[in-house]
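In what follows, structures are represented as structure tokens.
Note that chain A is present in both complexes that follow, paired respectively with chain B and with chain C.
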Partner chain A sequence: MKPLSDQALARLRRAASLPDLSSTRYTLVREAGHGGMGTVYVVRDEELGREVALKVFHIEDEQMRREAQALAKLEHPNIVPLYEFGRLDDGRHYYTMKLVEGARLDEYRAGPATQADRLRLFVSICGAASFAHSRGVLHRDLKPRNIMVGSFGEVLVMDWGLAKPLNEATPTGQVAGTPEYMAPEQARGDPSLDERADVYALGRILAFLCDDPPPKPLRSVSAKACADRRDARYAKASELAADVLRYLDGLPVLAHRETPLEAATRWYRNNRTLLLLIASYAVMRFLIFFWARA
Partner chain B sequence: MPYDQDTSMGGPSARFPHTRHSAIYSTRSEDAAERERAYAAIVHSYWKPAYKYIRIQWRKSNEDAKDLTQAFFAKALEKNYFRKYDAANGSFRGFLRLCLDAFVANEAQASNRLKRGGGAAAVPLDFESAEGELQSLPIAGGIGTEELFYQEWVRHLFTTAVETLRSECQASGKQTHFSHLERYDLDQTAQSYDQLARECGLPVTTITNQLAWARRRFRAIVLQLLRDATGSEEEFQREARQLLGTG
Partner chain C sequence: MITNLNKPLVGVVLGAILGVFDGATAWFTPEVRPMIGSILVGSSFKGLLTGVLAGAFARKVRSIPMGVGFGLLVGLLLSYLVAAMPSETGKHYYFEIMLPGSLLGAIVGFATQRFGRAPLLRT
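For the complex of A and B:
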């Protein structure tokens, strides 16, 4: 046989990695993205006449079942919904989920949205994380690339591949996650991770979403969420979200002690319209007073 | 009616032998016959990349590279080199390459202590085909040592898998299935399932199913060859992800 050229080799590697959908109701449309563990494809559900996302690992791996089981527990408007879990004829497990059309959070960040818009999305992301924690699931890989913003502004947390039950210790020394968004205890391979590891990642996401330079109160919120010692962080994602909501509502945040000048500036910003009305009224009265005297 | 194992429920991979030990593991066997079988499997997986590596990286002539390749594997069997492999220290491929480097360096220092043909591998090696590959597919310059060995190892693994599938298909009367894979994935002489269907006079659904079968079987063969060529389950999984996670 003649030797395989580099091009033929690449085609064969692709052919061997494509999911064998022959026994399913799906047909392949295109690849949506791939990582070290698996690939996500856009497939067409021929029964229901719609496109969905199908995730399959490169090789058989029981982790796929755990990932699907974790995701199945999480029915929430800001968590990508799982549709089906199954096994392909090539032996690999797969699951299908909603196909989210839109932009990843890092792409969305580069767009025209205001800081306030981005912060409202952030509060939704915290809501998804908080819901997962309440169901006993830790995400462990929250980052802008794993969050999609839909075309109607809806936000969906994706890729629960590293999710683990909160009450289950990870093997000591086993490190998984993305270094930039990984809490120190997660990077050390600490077996007793809790929701504060996700709070750390959320703090990094908050810093990513703020204007540059960030307003002082938000910088303090982010710093508190990303404290090296987990005791110094927000205990829950909902507490972090509440502090960001206080900022959006023009209230002082718990993570930041205001100086009198900052308090006055915030008061001015909150009451700018009222102050303008009072000033306009004063100017009018002043003019009327002098007009009457004249 | 004969039982067609490849169309049974769950497909061939449902029977994938997860617990089968790799050839590398079997080099530690107390049974001499099993050790020899394991050795033959390792030689089969690695001789061609080793030969090309010696030719390119060590700049040896065709004849010297042949002798060195044969002598290396013969000595590996005699001294049971591969028994020393520890999966905790990296991949078997990396270990073998380091052994090969050390062997070739020693041979060079010993100023041709090895007489040509003095150490013949117990497995017949088709050096003509390896040399022919080097002539028809020259290796790009500037490629790193590790990358060169990996690239040629992958090429050899996939070539072996294609040949195994071809033989299997011939033996089981599934030449058409192989032909679809050859035309669509290998040579790209067919651009679409529709074209294949028209040219073969078959419905598109038949083409889809036959090609799916050929790919599924091809994947299983690749993974089986990979399992033989790796030293532990972890290494197998790592290599499989790298090999098949190409996107």
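For the complex of A and C:
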């Protein structure tokens, strides 16, 4: 018998790893991506005639159920909505969610959007995190790769695989998350994480979204959100968002004590047109005065 | 605070103050100095009217360039009406009245867009 080539073997392995959707109303379109917890596929919902995202887990059932339950609690315009949770014939669990067309936040950052546009998106991300916290859910893995920006500028926070109830302690020493966006207490495996762990990640995302170099007030806001001691951070994601909104409105931010020169510069920036009009009026009056004398 | 007033009120207050100020500058033109009282009254009334109109416009249209343009036009029109009235000597001061008048209108137009409480949106 002729042995199979490496290519044929790879194809077979790929085919074997594809989910068997025959017992569901979905047909496979393509693989969208995979991570440590599961693989996401683009599938077609034959009953409703639309494409959705289907995530198949290759982790223990309880964690997957928890992710689906966390997501099901979170009906919010900036959180990817869950459609269905079920089990495949091969015993693996899956859930379907909205298929988000657009760019990941890190891809969006590389595009032509202005800092103000990016900050407005950031406020929406804070809104999603704040809503999740109000429903007792901590994301624990907020980062640009887990945030999608849709083609109409809508923002959706995805991948709630590490989400955990706020009032539930994590086993001591268990560390989960992305090192770059992980709060120090999360990296230490502190069992008593609270919303300030997400605030830390949001602070890192804010720094990522700012211009380079960032304006001083935004640097202070980000530094406050990413303080090593959680007592020194914003207590809530909504407080962080409010400070960013203050910056967008041309107001002083709470995280930064501005000097008189900075306050004057900010006032000038906000009222440039008014100052220009007043100066034009004064110059005109001055000229008319001398013209009349002449 | 100015942000707590509604937009027409911001226009009225600012228009009146700037109108009085603009009228007072007539004191530097010796030929019209005897008429300073009526100039002050007329100028502040013109400022008030510009303020009301610019404020009402700002309630309907939220755009700084449009607000400035509208204020400029209203200021120009009202100051033209004032300038069309001859002085005691029969001389007209179109240039001296219309140019600053239109600029003051633009300032009031800008201020009513930038400051003042906007009406709540009806749902």
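Here, the second predicted complex is superposed on the first by the 287 of 294 C-alpha atoms of A that agree within 3 Å, B and C clash if a C-alpha of one lies under 4 Å from a C-alpha of the other, contacts with A are read in each partner's own complex, and residues count from 1 in each chain.
We take it that a residue touches a chain if its C-beta (ideal position, glycine included) is under 8 Å from a C-beta of that chain, and two chains touch if they have at least 3 such contacts.
Every value quoted in this text rests on a predicted model; they were computed, and no experiment measured them.
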Contacts for A:294 in the overlay, against chain B (first) and chain C (second): which applies, first, second, both or neither?
neither
In the overlaid three-chain picture, which partner chain does A:284 touch, first (chain B) or second (chain C), both, or neither?
second
After the superposition on A, what does A:261 contact: first (chain B), second (chain C), both or neither?
neither
Which partner, once the models are overlaid, touches more of chain A's residues, chain C or chain B?
B
Name the contact category of A:110: first (chain B only), second (chain C only), both, or neither.
neither
Going by the contact rule at the top, pick out the chain A residues touching chain C in the complex.
271, 273-274, 277-278, 280-281, 284-285, 288-289, 292
Per the contact definition, I'd like the list of chain B residues that touch chain A in the complex.
10-11, 13-14, 16, 132-133, 136-137, 154-155, 158-159, 162-163, 166, 181, 185-188, 208-209, 212-213, 215-216, 218-220, 222-223, 237, 240-241, 243-247
Help me check something: in the complex, which residues belonging to chain C touch chain A?
25, 28-29, 64, 68, 95-96, 99-100, 103-104, 106-107, 110-111, 114
Chain A residues within the chain B interface of the complex:
1-6, 8-18, 20-23, 31, 34-39, 58-61, 87-92
